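Naming follows writing order (A, B, C and D), and every chain is counted from residue 1.
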Amino acid sequence: MDLTLFMYLIPSLFMFGCGVYGFITRKNMIAIMISLELMLNSVDINFVVFNRYLFPGQMDGMFFSLFAIAIAAAETALALAIIINVFRIAKNVDINQITKLKF
Amino acid sequence: MPLSLAIVVVALPLFMFLFLGLVGVKMGRKITGWIGVLAMLVDTILAYGVALTYFFGSGQGQIVDGVRQAVVVANPAWLSFTDTLVVRMGVLVDPIAAMMLVVITTVSLMVHLYSIGYMSDHDGNAEKGFQRYYAFLALFTFSMLGLVVATNIFQIFIFFEMVGLSSYLLIGFYYSLPAANHANKKAFIVTRLADLFFLVGIMILSYYTGTFDFDSLVFGPTMSGSLDTAQSAISTGGGATFLGCSVMAWALTFIFIGGAGKSAMYPLHIWLPDAMEGPTPVSALIHAATMVVAGVFLVARLFPLYVLVQGAMNVILVVGAFTAFYAAAIACTQSDIKRALAFSTISQIAFMMTSLAVSSNNNSLIEIHGGYGLGYMASMFHLFTHAMFKALLFLCAGAIIHAVHSNENDKMHGLHKYMPITSICFLIGCLAIAGIPPFSGFWSKDEILVAAYQRGLGWGIWMSMVAGMTAFYMFRIYYLIFFWKKHEVHDPHHAPKDQPWTMTVPLIILAVISVFAGGVPFHDLVTWDGHHLHTALDMKVACTSVVIALVGIGLATVMYRKENPLPERMANAMRGLWTASYKRFYMDELYQFITHKVIFQGICVPIAWFDRHIIDGFMNWMAEATNSLSFGIRRLQSGSIQAYVYVYLIGALLLGVVTMLCVLL
Amino acid sequence: MEIFNNILIYFVIVPLLTLGGLALCHNRGIKAIRTVAVVGASVLMVLAVWLVSIFLQARGAGDTSEMILRSDVLWYAPLNIHLALGVDGISVVMILLSAFIVFAGVFASWKMNPLPKQFFMWFFLLSTGVFGFFISIDLFTMFMFYEVALIPMYLLIGVWGSGNKNYSAMKLTLMLMGGSAFLMLGLIGIYFHSAPEGQPLTMNILDIAHNDAIPHGWQNVLFPLTFVGFGVLGAMFPFHTWSPDGHASAPTAVSMLHAGVLMKLGGYGCFRIAIYLMPYAANELAWIFLLLTGFSIVYGALSACVQTDLKYINAYSSVSHCGMVLFAILMFNTTAMTGAVLQMLSHGLMTALFFALIGMIYGRTHTRDIRDMGGMMHIMPYLGVGYVIAGLASLGLPGLSGFAAEMTIFFGSFQHTDMFHRVLTIMATTSIVVTAVYILRVVAKLLFGEVQDEHHRTLTDASWEERLSTATLILAVAAIGCFPNFFINIISSSFEPVVKALQAALPML
Amino acid sequence: MESVGNIILYFIVAIAIIVFSLLTVTTRKILRSATYLLFVLFATAIIYFQMDYQFLGAVQIAVYAGGILVLFVFAIMLTQRPGQDADTLASHRRWLGLSAALAGVAVCGYALFSYADFGARLLSSGVDVNMEKIGQFLLSTDKFGYLLPFEAISVLLLACIIGGVVIARRR
């Protein structure tokens, strides 16, 4: 039995689906961020796997993943800072409750 | 004296208007008045010089082959519509213009002088606005002079507007009085309405003839018997007809309506009685002697055209004859002396109009009397004499009003004892207007009646009857003012008396003119074609008219010489008729109804409502609709990130599906 | 640069410099602000008079070219946008008119409060747009300056206005912008048909007219777009309703400039762009607009009869008078079109005069309702006389501007050989009576009669700057009225190319 | 032919990813959610190691599992009261999420399956990704050089630091 490209893509796809589901259904902002991480992660896997299987001589996919991880880190740090700040003001991280900026 | 001085005659009052209006207001009141009088005196002398030179001088081109010509002194272009349609501001001297120069300056001078006294209180202090008054008088004089020397029909229109303005300003001289305020508005708007017709008439006329100038319209080769192009356009109506009449008949009728507005012909007469709210000298100058004859002058000026278009002539004839009677009927019952005189004026102007209109080019009878110019000559003659004696009557009325401070004749009565000079002057005026020889009115009115009888027996009898009514109502007024019963004097120190010399001298001068003006040889000087007109006193007509006038005077003497119940009984016997006449046959009410109820309430108010609520409402509705639409769309922007992601994802997937389908298919 | 040798460019530069100068003034340095504004306005006036003399000299010297003082600077090559300048007689008199009104407007807003500096800055920005519009002969720059003239209006009314100013400012701006949208479409359409196949497209009006390449089908689409687009600004029925509200709320000088000059942009644009560039469609569709404008002449006048607010009366009167401008332009003959330009001048000056006087009266009595006023002639004779003169000019008294203009229009229009046009003309003439009615009604109610409100007795007559402002306008009104031929000589030759184009297009119908 | 160990490892990783992903988004306790995420990240790192990208795997563990997740945990600690569960989901919300997820999976899955080629690809061996090479690439300006993104990321991180400070600062 061989480990084909396909076999790596399936868990990644599943992970992405879970991320979408979580992003849309969760109300806690941190949980939404976690779902976001799931999606990002699945994309990273795809980058790496495609790179490794299709273009083994290059490292573009790997670098993209690397940068994606860096950006994800930055983004998460900022997002969490904002969330905590929002929590300070609204005493809440429920995305449905925070509507002060609406309209 | 060169005829070109006519330019100065016209320009001097304009200069005086600007001078008195801009500089005069900073000067003393009396001094301004005297400057005005002095300038007017100079102007009068110049005008007499021009007129005498024109009529009796020689060598300036005014008589060619024994035919009197019109002399154009100056004619600069003022406003060029097209190459041929050019409005010029010219000065033209011809018989009627020269005659009008004399009339206007004479009466104006008298009024200028008279106003020094009239516009002051009994201690001789000038009223507030004295300078303004003289400035406006000068403006009026300028406008009227400009009108009569016009070289083209558009210039006449321009000065029609200008005299309308001066009349407006002078009627409203006491602008804080509501009555004056209404009267000037009414006068302006009614004459403006007439001017609208005048304008349309000019537009039609100029469209078909391609010119405004009298030079080609009136003084063309017609004088020598043939028609030039402009006039042939008129005689054929340019070939065009409208509603069954030739367009030229329409044009000339419209122009006549313009004149009728100024000359207060029925049904456009309603402004004139109200215009008596102005100072009395103004009424004498504008609303008796000069401006109101502008319409007659206009028709006379275009007489060679009217002669060619019988339809328009007939309109004038009917309107004139009716107005003469109508106004005379009203004048018989008025209690306000100025209004009575105003209706008398309307009636007399209608006489002039009728006289012009009885001229006809297809009446063989008239040929015997030297062409159809008799009515024209008579009309101008009457215009001249009427200006003098009506100005006299109005100035007398002014003197009386100044003395008793009322217009109503029941406040007067028996003034003969107190104001003998005024009484005699008024009597001369009455005799003149009644047509008693040898006073001037007799000569001119007689010619009119002759012309009317020539046109037809019916017209002659009708006009004679009106002449009889004239004699009656004038003497009614005379008796009611100066006799009837003893004047009630409350305070012997303030008893009415003859007015100061500034007011009395004009009366005497005008009285003298009224007596002798009948001797002016009009048939020699003022004829429509410049030829000498052979006239003879028609003894049948003359005797009849004198008898009728005497009957009228006699009736008035019986009824009004001494206080008696006869007038009251007469009025009671014909109560309905009497009231209708006193109320001026409800014409004012009719106008009031049409303007206020129909036009204002029925048209203007709905239009304004329509504008605010339908048109503007539609615009506002569009704004509202856009607004609500935006608010509706705003709901899509819920601000919920999850909804956005969902929509985004679905959209992206759809795009993916579409792409795949494209790839597959 | 070569373009700076052209006097025309200074009509844009001077207001901009004034704007800059004002920006340097201190907010509360009212004297400096006034000085700068007066200097700017005076320089413009001098330039305008100078321009007239240059024009007369050029024409006198036998220069018969369509436009004089031509300059051309490429501005944006891909769309062939040029800063193209040039004037003919019509633009020259319009520039003169604008300069007069800007001059009078500065004095009329002498005591502007609050924020005088900002007011004058916007004011001069607006005049930049106006002058720029009149000197340009490039579609794009014209449109640009047109917008520059419109936008400041919003702030000028919204900030310095009175009454229901937010609503009015919004309404005015939106409606005029709506017009601009039509206009923009029209201009783009014209641009893409500006030259025959295979030749470079151009924005220059003269070139477009010369090429005459717009297909007839397109003309029938583009002509209504541009005509309505400019017609909105020219207060054409039924797009006039911004005018009463806008004028009622605007401050004095803005009303003056707006009614006096800005509304003329509409008439000028209709003529210069819509009719000149699309003569075929103009001939074919003119009757629709003739009916509309002919109607609006009478309609505006009748509406004015029942208004009680001084500014509303004047705004409706403007609808009537501006309707006359468009009406005459659509008559397609030199006389009527000359009359239209005269009417623009006349209406500009006398409406500015009206609004100046109304502003001055309102500034004293704090009411514009004629029912609350009366006998003003006793209290403020100078303003009263001024108002009467403005009224007389408006109702067309000989010797004042309205008469010459209206008569030229009526007689020109009546020269049309078609019965339909002549009948319409006669209907339009009835407005002179209605105008007299509403003018005299106001004069009688406002100035004559007894003083209605005893508090008014303590009010003062005009101050020196108000006298200067109104006297300037009165003199100008009288000048046009007394010497109309002077202006007609400047204007009328400029219509030849248009009338020729229209007549050339006539047989193609 | 792969080594059996590799295959077994693959299955463990695949199953771990699937199960823990599912748990991450379905658990009602947020802290547990974070923990499950940690397992997913570890599993991902194992995939990277399997691909011979040891450096990337190390970064994944160090930055993601070590850094980001700790941040999450801190955030959760700061904002959640102990024992607080997420509310049960409203059913329409669940269906909404489910539909989106399933649609996404379906479309992408179909896209994957339609490329039969992917099933035939095998892992080529002998790829040497050493640190020196990575360093060279990251700091080179040649083709396949990543200096610009690298610097951009540095600036981004700097901005992020400053932003974090600014946001966190008490006003």
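Just so it is clear, contacts are C-beta pairs under 8 Å (C-beta built on N, C-alpha and C of every residue); 3 or more make two chains touch, one makes a residue touch a chain.
It should be emphasised that the depicted structure is a prediction, and the values quoted were computed from it without experimental measurement.
With centres taken as mean C-alpha coordinates, the chain found closest to the middle of all protein C-alpha atoms is C. The interface with the greater count of contacting C-beta pairs, when A-D is set against B-C, is A-D.
Separating the centre of chain A from that of chain D, both taken as means of CA atoms, is a distance of 6 Å. Each chain gets a centre from the mean of its Cα atoms; for chain A and chain C, those two points are 63 Å apart.
Averaged C-alpha coordinates give centres for chain B and chain C that are 37 Å from one another. Look at where the CA atoms of chain C average out and do the same for chain D: the two points lie 69 Å apart.
Among all residues of chain A, those that touch two or more other chains are 20, 23-24.
Counting partner chains per residue, chain C has no residue touching two or more of them.
Shown for chain B are the residues in touch with two or more other chains, namely 646, 649. Contacts between chains, counted with the stated touch criterion, involve the pairs A-B, A-D, B-C, B-D. Of all residues in chain B, those touching chain A in their complex are 634, 638-642, 645-646, 649. Those residues of chain D whose C-beta lies close enough to touch chain A in the complex are 1-2, 6-7, 10, 13-14, 17-18, 21-22, 24-25, 30, 33-34, 37, 40-41, 44, 47-48, 51-53, 56, 59-60, 63-64, 67-68, 71-72, 74-76, 78-79, 86-87, 89, 93-94, 96-98, 100-102, 104-105, 108-109, 112, 118-124, 127, 129, 133-134, 137-138, 144, 146, 149, 153, 156-157, 160, 163-164, 167-168. Interface residues of chain D, counted against chain B in their complex, comprise 96, 100, 103-104, 107-108, 110-111, 114. By the touch criterion given at the top, residues 1-28, 30-31, 33-35, 37-38, 41, 44-45, 48-49, 52-54, 56-60, 62-63, 65-67, 69-78, 80-85, 87, 93 of chain A touch chain D in their complex.
Of all residues in chain A, only 20, 23-24, 32, 95-96, 99, 101-103 touch chain B in the complex they form.
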